[in-house]
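Each chain gets a letter, A, B and C, in the order it is written, and its residues are counted from 1.
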Amino acid sequence: MSESVLYSVFLLVSLGSIAAIVLYVVSKKFYVYEDPLIAEVEDLLPAANCAGCGSPGCKSFAEKLVATEDISNLFCPVGGNDVMKLVAEVLGKEVAEKDPTLAVVRCQGGCDVRPKTTEYQGPRSCAISAMIYSGETDCQYGCLGDGDCVTVCKFDAMYMDEATGLPVVISDKCTSCGACVEACPRDIIEMRPKNKRDLKVFVGCLNEDKAGIAKKACDVACIGCSKCQDICPKDAVTMINNLAYIDPAICTLCRKCVEVCPTHSIIETNFPPKKVKKETPKVEAKVESENIKTDA
Amino acid sequence: MSTQPIIVSASPHVHSDRTSKKLMYDVIIALSPAFLVSIYVFGLGALIVTSVAIASCVLFEYLIQKYLLKTAVTITDGSALLTGILLAFNLPSNLPIWMVIVGGLVAIGVAKLSFGGLGFNIFNPALVGRVFLLVSFPVQMTMWPTAIENNTNVVDAVTGATSLGVIKEGLQYGDTMTEISSRIPSAIDMLFGFTGGSLGEMSALALLLGGLYLIFRKVISWHIPVMVLMTMAVMTGVFWALDPEHYANPIIHILSGGAILGAFYMATDLVTSPMTKKGMIIFAIGIGIITVVIRLFGAYPEGVSFAILIMNAFVPLINKYFKPRRFGSKIKAKIV
Amino acid sequence: MLKTFPKGGIHPPENKLTSAKSIKKMPVPKMVYVPISQHIGIPSEIIVNVKDKVEIGQVIAKSGGFVSSNVHSPVAGVVTKLDKIIDTSGYKKQCIVIRTDAKNESNFEEIDYPLKKDITMEPKDILQRINDYGIVGLGGATFPSHVKLSVKEGTVLDHLIINGVECEPYLTADHRLMLEKAEEILVGIKILMHALHIDKAIIGIENNKKDAIDIFKKLTVNDSGIKVAALQVKYPQGGEKQLVRAILNREVPKNGLPLDVGVIVHNVGTIFAIYQAIQHNKPLIERVVTVTGKKLENASNYWVKIGTPISDLVNEVGGLPEGTRKIVNGGPMMGKAIKNLDVPVTKGTSGILVISEDEASRGEPKNCIRCGECVEVCPMGLEPHLLMNLSEKGMYEKAGSEDIMTCIECGSCSYVCPSHRPLLDYIRFGKTIVKKLNTVKN
């Protein structure tokens, strides 16, 4: 009895020792030196592995940060300036401060304002349907509505609005990693600076067609009438190929362009509805256009 | 112009009229002669076991998909129906009903849906159900009613072993094949189905008929069934030629047990068999060898189900290493 | 046994409804919309302005580079607009819009040139003429012909293969052309043989066009250089690589061209266009188009001016039938569904196929049942089910190493799939990504 106990104790101890020796030798033999800074920097990074910085993951970005001399053009969009500042402290390098940005969807051609003229059959993916043709509607610049941007978003910051068939960005969750911008075959999504209280004014259209064609395809298309350009006090609006673009660097969010736009293709968000007068006609106009549609 | 908008899609714009549903129903049609034979031989028992197996497979698929997985219910594609039939074909006709239901649950719930449903299962669901029952309830699963002339008195049917069982037992007791051969049915009886065994493996002829139909309809290719049977015949033939007193002849091996059922209907299951013809041949040879090894040297008298399940596990590997030859690769020399 | 390629292929219902209809002349359209990018490669450059008067056959857009092609005015008239309209790619592309001059007689002349057999041009001039006269592959790929014919010094070249296979269901344009212009095509073949210094040519025709085989056999009875090969009916035999394999039993290497095995392949339509360019100074401004569909009353074959809106063709055959759900530019296997009827006929339009409700819809995709049918029919020896999964899951590098780039997009896999899986859709998508990755790598 005692013999067998002793025997098993001996066996287990020797097995354990052999394993320990092997492990020790192997770990010594195959030891790879890694700069401890990398681990330190990696800990600071958000560990989202979203690839928004251009590196495939946070670890490789940390390696890049440690290895690169001048890191002023490297930026982690998810962590933002706060994280970059900490990284700079650890590494003793300079980082450039960037304004926080936010993804905005520059198309408002929902199902109700942009009639479908064809039916697409095939895999529901924007990238694939964009290969085949210009989309189910007559607008070849607008949203395809198959939600590739929503699929690639790793932060659940986007969803497809079922009523309009368009993607919506949840501003609070958006980390501006830029995955949706990459995924969109129409380049509808743009990174625009995140203003205070999430105020935004931008042209919600990318249609470069002439006025008649654009308007026929979509009720809220930019028809290139230049009214916004004329009224803008700061010259923030440029017109290229029948399409207005508001430069966020110049725009002061005065919202004068929003009022003059005949097709309501300029979007304003999160402004307090202080002037009731202004809001009312816009709502009415929308209802009107809906009525016309149902009649037709 | 038509009221509906025109469709735009990528080419091709025409499709063949083959659908997975039609394939499933073709297999079911092919199985019907064997089913009729077993009703003739076993009577009501065959009908009850088969309908219970079908009902439980379809019902479990419905319940699991609807309430557990909360996915689209796919019971109309005929695959659960087919699993039910194939499961029943691998069971004795006097198996207690509750065991049949358990078999259905294992086949659909464990072997099929837990892998992701149709097309994702690695193992043939019906065989998993059968093997599960065989391992769990060996007594009930190996007591078969012997063939009865008058198919009404199913309750009184005598239970006994299959020819393979008899051979195995006899050889273990040291009997020679000459002595044993008087105790097993003749090859002709086996061909027509007057023998003991699982519900569907009775009549080799009826199964062959259905198998030919499947090959004719191009649901299956000849590679798997022919290669399985050929491997079995060659291997058992070699042993038989060396020592006819201790090894049964190839005809008995091919006609008895689930060899034909397995070769034509279970091994050829589209989902769990290799993609290429080359792969199919390797797969079939593997099945043949393992079956013969189990039959001749294993503890079980029958090994087709185990052989198929073992080879099922190799299918991903076979698919990886037996790829079709790419056009224009490895050309020997410029032929100009 | 008739010759064919050994691996893969399918045999969809042929539906050659119009094979007995002779080629009619399409009335001259009032307006033509000529896209400047009708070929593979660099788009041509517009060299006319709005309000310019153009003559028939005048160059209106000149070749933008080596892999490009001239575009000629198909009618005499006035340029009214330089506009963007939707073409077969499904996108708005630059077009030259020309209003036909109803008074200009050259538009309406019935030009049935007499057969001209003597070849007087020098090889170098022939190639230059093919380049100048905007000739591209008329089988559907629209690859500029002069590029194909520019053979590097020292290349061993022993066979010219003429593609008269027309393996696409429904289409009969090449078939009719072979029946009606057989002698011209033979002269065209001789022109190319002369230009390329090849002494052997083989015309490959599938056995469902026995009349065409007979005609060519009769005409080439005393000709030792030109042979006719009757081929088993199998899709996609019209693919260059498959055709070379079928006729000469030579396998074009992976990522290679028929040139690598000493062969040049041209479509019969292209040969006829070359004949007209060399012998009658006629640039490529019209082509044969099969307008077909099961529900169409007057489905037929037409000589159509490039740039004619498809609506004109549809009206000519009696308008769109009730219940039309899809209009395809090309054949049903490789053609492109078009978005509306304003799309113009281009150099690559071999047919217009009108498909009704019952055929138009794709089945609901279901799980892959791993039947291996796609592997079986793939003429390139690929595994479509695997490639689809890889490109769906974004594993493009693996897809590349599984030879996704050798896919010829014949659609056989999607055609046979019993689960209606969009195999080719994903493979095509995967190809574009892999191509992008490869160019980045290089």
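To be clear about the criterion, a contact is a pair of C-beta atoms (placed from the backbone, for glycine too) under 8 Å apart; a residue touches a chain by one contact, two chains touch by 3 or more.
The model shown is predicted, which means the values in this text are computed figures rather than measured ones.
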| item | value |
| --- | --- |
| Chain occupying the middle, per Cα centroid | C |
| Which two chains share the largest set of C-beta contact pairs | B-C |
| Relative to chain C, chain with the most remote C-alpha centre | B |
| Chain centre separation (chain B, chain C; CA means) in Å | 48 |
| Distance from chain B to chain A - Cα centre to Cα centre, in angstrom | 53 |
| Whole-Å gap between the CA centroids of chain A and chain C | 42 |
| Contacts with 2+ other chains: residues of chain C | 90, 336-337, 339-340, 361-362, 422, 425, 428 |
| Multi-partner residues of chain B (at least 2 other chains) | 4, 6-10 |
| Multi-chain contact residues (two or more partners), chain A | 117-118, 121-122, 128, 131-133 |
| In the complex, chain B residues that touch chain C | 1-2, 4, 6-16, 18-20, 22-23, 74, 77, 117-120, 270-277, 323-329, 331, 334-336 |
| Of chain B, residues touching chain A in the complex | 4-10 |
| Residues of chain A touching chain B in the complex | 116-122, 128, 131-133, 136 |
| Chain C - residues contacting chain A, complex | 86, 89-92, 336-337, 339-340, 361-362, 392, 422, 425-426, 428-429, 432 |
| Complex contact set, residues of chain C against chain B | 7, 10, 12-13, 90, 156, 158, 169, 241, 245, 248-256, 260-262, 320, 322-328, 330, 332-340, 353, 355, 359-363, 366-373, 375-376, 378-383, 385, 403, 406, 409, 411, 414-420, 422, 424-425, 428 |
